[in-house]
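Below is one structure; the comments refer to it alone.
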Amino acid sequence: MMKPTATLLISCPDKRGLVAKFANFIDANGGNIIDADQHTDFEAGLFLTRIEWLLEGFNLPKDLIGAAFNSIAQPLGAKWDLHFSDTVPRVAIWVSRQDHCLFDLIWRNKAKEFNADISLIISNHPHLQAVAAQFGIDYYHIPMTKDNKQEQEIKQLELLQEYKIDLVVLAKYMQVISADFITKFPQIINIHHSFLPAFIGANPYHRAFERGVKIIGATAHYATADLDAGPIIEQDVVRVSHRDTVEDLIRKGKDLERIVLARAVRSHLQNRVLVYGNKTVVFE
Amino acid sequence: MMKPTATLLISCPDKRGLVAKFANFIDANGGNIIDADQHTDFEAGLFLTRIEWLLEGFNLPKDLIGAAFNSIAQPLGAKWDLHFSDTVPRVAIWVSRQDHCLFDLIWRNKAKEFNADISLIISNHPHLQAVAAQFGIDYYHIPMTKDNKQEQEIKQLELLQEYKIDLVVLAKYMQVISADFITKFPQIINIHHSFLPAFIGANPYHRAFERGVKIIGATAHYATADLDAGPIIEQDVVRVSHRDTVEDLIRKGKDLERIVLARAVRSHLQNRVLVYGNKTVVFE
Amino acid sequence: MMKPTATLLISCPDKRGLVAKFANFIDANGGNIIDADQHTDFEAGLFLTRIEWLLEGFNLPKDLIGAAFNSIAQPLGAKWDLHFSDTVPRVAIWVSRQDHCLFDLIWRNKAKEFNADISLIISNHPHLQAVAAQFGIDYYHIPMTKDNKQEQEIKQLELLQEYKIDLVVLAKYMQVISADFITKFPQIINIHHSFLPAFIGANPYHRAFERGVKIIGATAHYATADLDAGPIIEQDVVRVSHRDTVEDLIRKGKDLERIVLARAVRSHLQNRVLVYGNKTVVFE
Amino acid sequence: MMKPTATLLISCPDKRGLVAKFANFIDANGGNIIDADQHTDFEAGLFLTRIEWLLEGFNLPKDLIGAAFNSIAQPLGAKWDLHFSDTVPRVAIWVSRQDHCLFDLIWRNKAKEFNADISLIISNHPHLQAVAAQFGIDYYHIPMTKDNKQEQEIKQLELLQEYKIDLVVLAKYMQVISADFITKFPQIINIHHSFLPAFIGANPYHRAFERGVKIIGATAHYATADLDAGPIIEQDVVRVSHRDTVEDLIRKGKDLERIVLARAVRSHLQNRVLVYGNKTVVFE
């Protein structure tokens, strides 16, 4: 098992000496950097970096690191997030009828592919109640209609608060989240069953079949008010041919959805994803 | 070297006994089938097949095969094309300023990856004249403006006739072909520098960069009046990351464009591509 | 749901008229061919074909088809297998300690990605008893040691007979099967956690890490006496880098193993795999 | 065009504060770091990093940077290389009969995909003399036999010195280089036409065909005395099937060889490849 670490995700206007400044902060406090990666977007004039160091031997207690770092970050106009690997994030999985992504995420978490506490499942259907029960995860059936969206989203928000959820994973939830909801709870990863921006919206596999594409894909992205337009975290594809029916595309797509969503969730939970503008930097 | 063969590409309403009927026609005339593949589109109720047999030992002379087969095809309402591997198709390559696809196609033809006679290069720019000269291929500079499209297309059509061209390959020609032209000469393969239907139209790499996609692609398709909407022959993709600039996407895209276009041209020249509706069956 | 079909897998010495002969047999008995594919290995002088037709409207009862076809096959020196899509094959899954392939195969079968009756799990460890129980599948713990291999294999064979097993899937069983066992029960698919023939044998991920490869793979193949040398059914790969530890390779490899094994099992259960020599033809 | 930069490739025993130390050296001398990447091999206890900064505004003249940095590096027991982006490396391409990699490298260099001076072609055959002439590159035909290897390698070394070559690219040279030669000139990149370590040695495509693999690959690596065992820089693969003849594998392999070799050469010329033990870190 890895020793506990702290991770800083920083974005700030590019200027000379940033690497040294940030590294010196860690070093001056006795921290041993085990991973540091950076990216400069020259068009945006933006410097983005991820720095991970061992808490062992670090002189600052966890609750003082933020304030100490801020005294360096503020003058630079830097935005930053601080994460600790020994704080287990609490995850809610939202599903509809399909179980493949749900099963996959639960299995990977049990297999320690991520370090999450999956403590809540929300669905607009009752179908996957049994799966939740089988793994001892609380399941709430919150049916959505044209008319009840607003009050149901209030219930959903209350549940996220009650369960102290850090991340919502839309594991084939198949419902649009309101802009208002996303403003109140922005940490949402969605899996879209196409190679965005191709086939935005409904029934992408049917439309891919009609278009006669030779490759299909899946895209994991942060949910935004603008449907399927959020920052892309991960994508992958698989080859198809005229022999593949719509059902075959759906079947092949499920494998993509499972893997692409899992990679995106893992990168997010390891604090490797830095969002800026409508893009992501994924520090691998 | 392969022995000369005949190839039938057939599409007809699906009914019982088609495989036997077609196979018997070849067999009854002493033909030895070396490759036969089929596909049934159950939704369209369509049977599509490719049959290739050795001309050696076949009792019908080449110029009588069509008529003989038609007596079988007509009652079935079948559409069909007949091709002979010892007839070398004449190919025109249309280019703009970029040379990577042009070089690649010429190199592959010299390397016998296809069996084509590349006898004509048409460009709206003079830039690649030297390349044409270097390989001894006739080069015509036909500049296109908003105003002269119609008369220039007439010149282009005359050249295709003069050179008895069977296939036009748009190797980064970067110009829209008029619907009228395509009606008169439909055998046109285009390489589009994106993973269609994503980023239809201009500057796909810039838009892919802005969208922050994690994978880019290229698509080879038959040209149609509706821009970038023609039947797709081949697609492929390559992974990109935040580290890739627009220039990197363009560089990686060039490799995709070369390979995807070459595969599509090769499949077409081997008479493996059967178009129906807005789709292709590529018999590999 | 697809209508019931019959499928013939045939390999015989290549000669003129085979396509017609086989198609006529189906046609003459009122069968409607829905899929026919063929391959000729010119070096081996071998013709290999897969023909699938609807049982509906076919004049021969299922139990007479074999004898009737044999009267055609025998003079041609053809080897053939006959399968019916409404006969559900009985599958045994053999496991060791790892559960990812087991879960995946069970999930896919429930999701109707294949049409199998998974009725038996055999393991040399007790670890996955609970998984078997959870899905109501009989589980037998048959520990293997250097000394007891022979008698334990007898037990295993008895179980395969008792459960009328058609196919054994080694889902990370991690034990060598004796040549004698394979002779008695040859229908065994194994997943090897490397891109064969690279890293044959033990600990491929550790050796891939030491070798510093940039891509790792997985291979599904039929088990043979010669370890990891059996006919390959399916392979796939994933890109890795210096950032990937051995644990990362193992994690990424699990995704490959699940998908590659599932594809191979599916192709086999759909009677799309024809073995000849030490190779396979997979009719897709 | 990018402004001139300096790049340090450093490997040293891992200890606390290395990132800060190296960054401070650049910063203290007024350098603006535009790219910094690092990797820690915890098993080897080794810290590896690549730091690139703008020469513009850097206070040390180019010829003093090495000495200045060494005063920091030596106490740390660090190995390091210093490169300048405005020094154009001189490259020799060695070929045999096949031209696809040669054409590709020359084309990419003209297209500014790398920044190299390709000034020498050496071959054991006369076949590609014309290609060299066409692009105005000196070509030396140095035939190799069992008996003359030693004296011919002396000629080759003399040419490398005469032309001040920094890097030799074996673009399908198909000859083993002696251990003695490699000791004298270690900067050699080779393209091996298989997915190493599969099919080490001769005729990999024939052996891949016989083995019935479903995927083939290519590997670019640094040449070492031990044939095909050198540090791997880049690999890629392509899917094949039973329909592919040996000729098809060779054709598909050529596309892989071109792309894999080009990527490896580009990474090397951009000073992104750090070799340690028998492995590489490729800082992308």
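Note that the chains are named A, B, C and D in the order they appear, and that numbering of residues resets to 1 at the start of each chain.
The definition used in the following text is that a residue touches a chain if its C-beta (ideal position, glycine included) is under 8 Å from a C-beta of that chain, and two chains touch if they have at least 3 such contacts.
For each chain, UniProt lists the protein as follows: A, B, C, D = Formyltetrahydrofolate deformylase.
Being a predicted model, the structure only gives us computed values, none of them experimental.
Chemist: Which pair, B-D or B-C, has more C-beta contacts?
Modeler: Between the chain pairs B-D and B-C, B-C carries more contacts.
Chemist: Where centres are the averaged C-alpha coordinates, which chain has the largest centre distance to chain D?
Modeler: Most remote chain from chain D, centroid-wise, comes out as C.
Chemist: Count the residue numbers both chain A and chain C use at their shared interface, divide by all numbers used there, and answer same if that is over half, different if under half.
Modeler: Mostly the same residues.
Chemist: Hey, how far is the Cα centre of chain B from the one of chain C, in Å?
Modeler: Here the centre of chain C sits 37 Å away from the centre of chain B.
Chemist: In chain A, what residues contact two or more other chains?
Modeler: 241, 243
Chemist: Please give the residue numbers of chain B that touch chain C in the complex, ascending.
Modeler: My answer: residues 16-20, 23-24, 26-27, 30-38, 40, 57, 239.
Chemist: Considering only the defined contacts, which chain B positions touch chain A in the complex?
Modeler: Checking each residue of chain B against chain A gives 39, 41, 195-199, 211-215, 217, 231-237, 241-243, 278-282.
Chemist: Would you mind writing out the residues of chain D in touch with chain B in their complex?
Modeler: 100, 103, 107, 111, 113, 134, 241, 243, 251, 254-255, 259, 284
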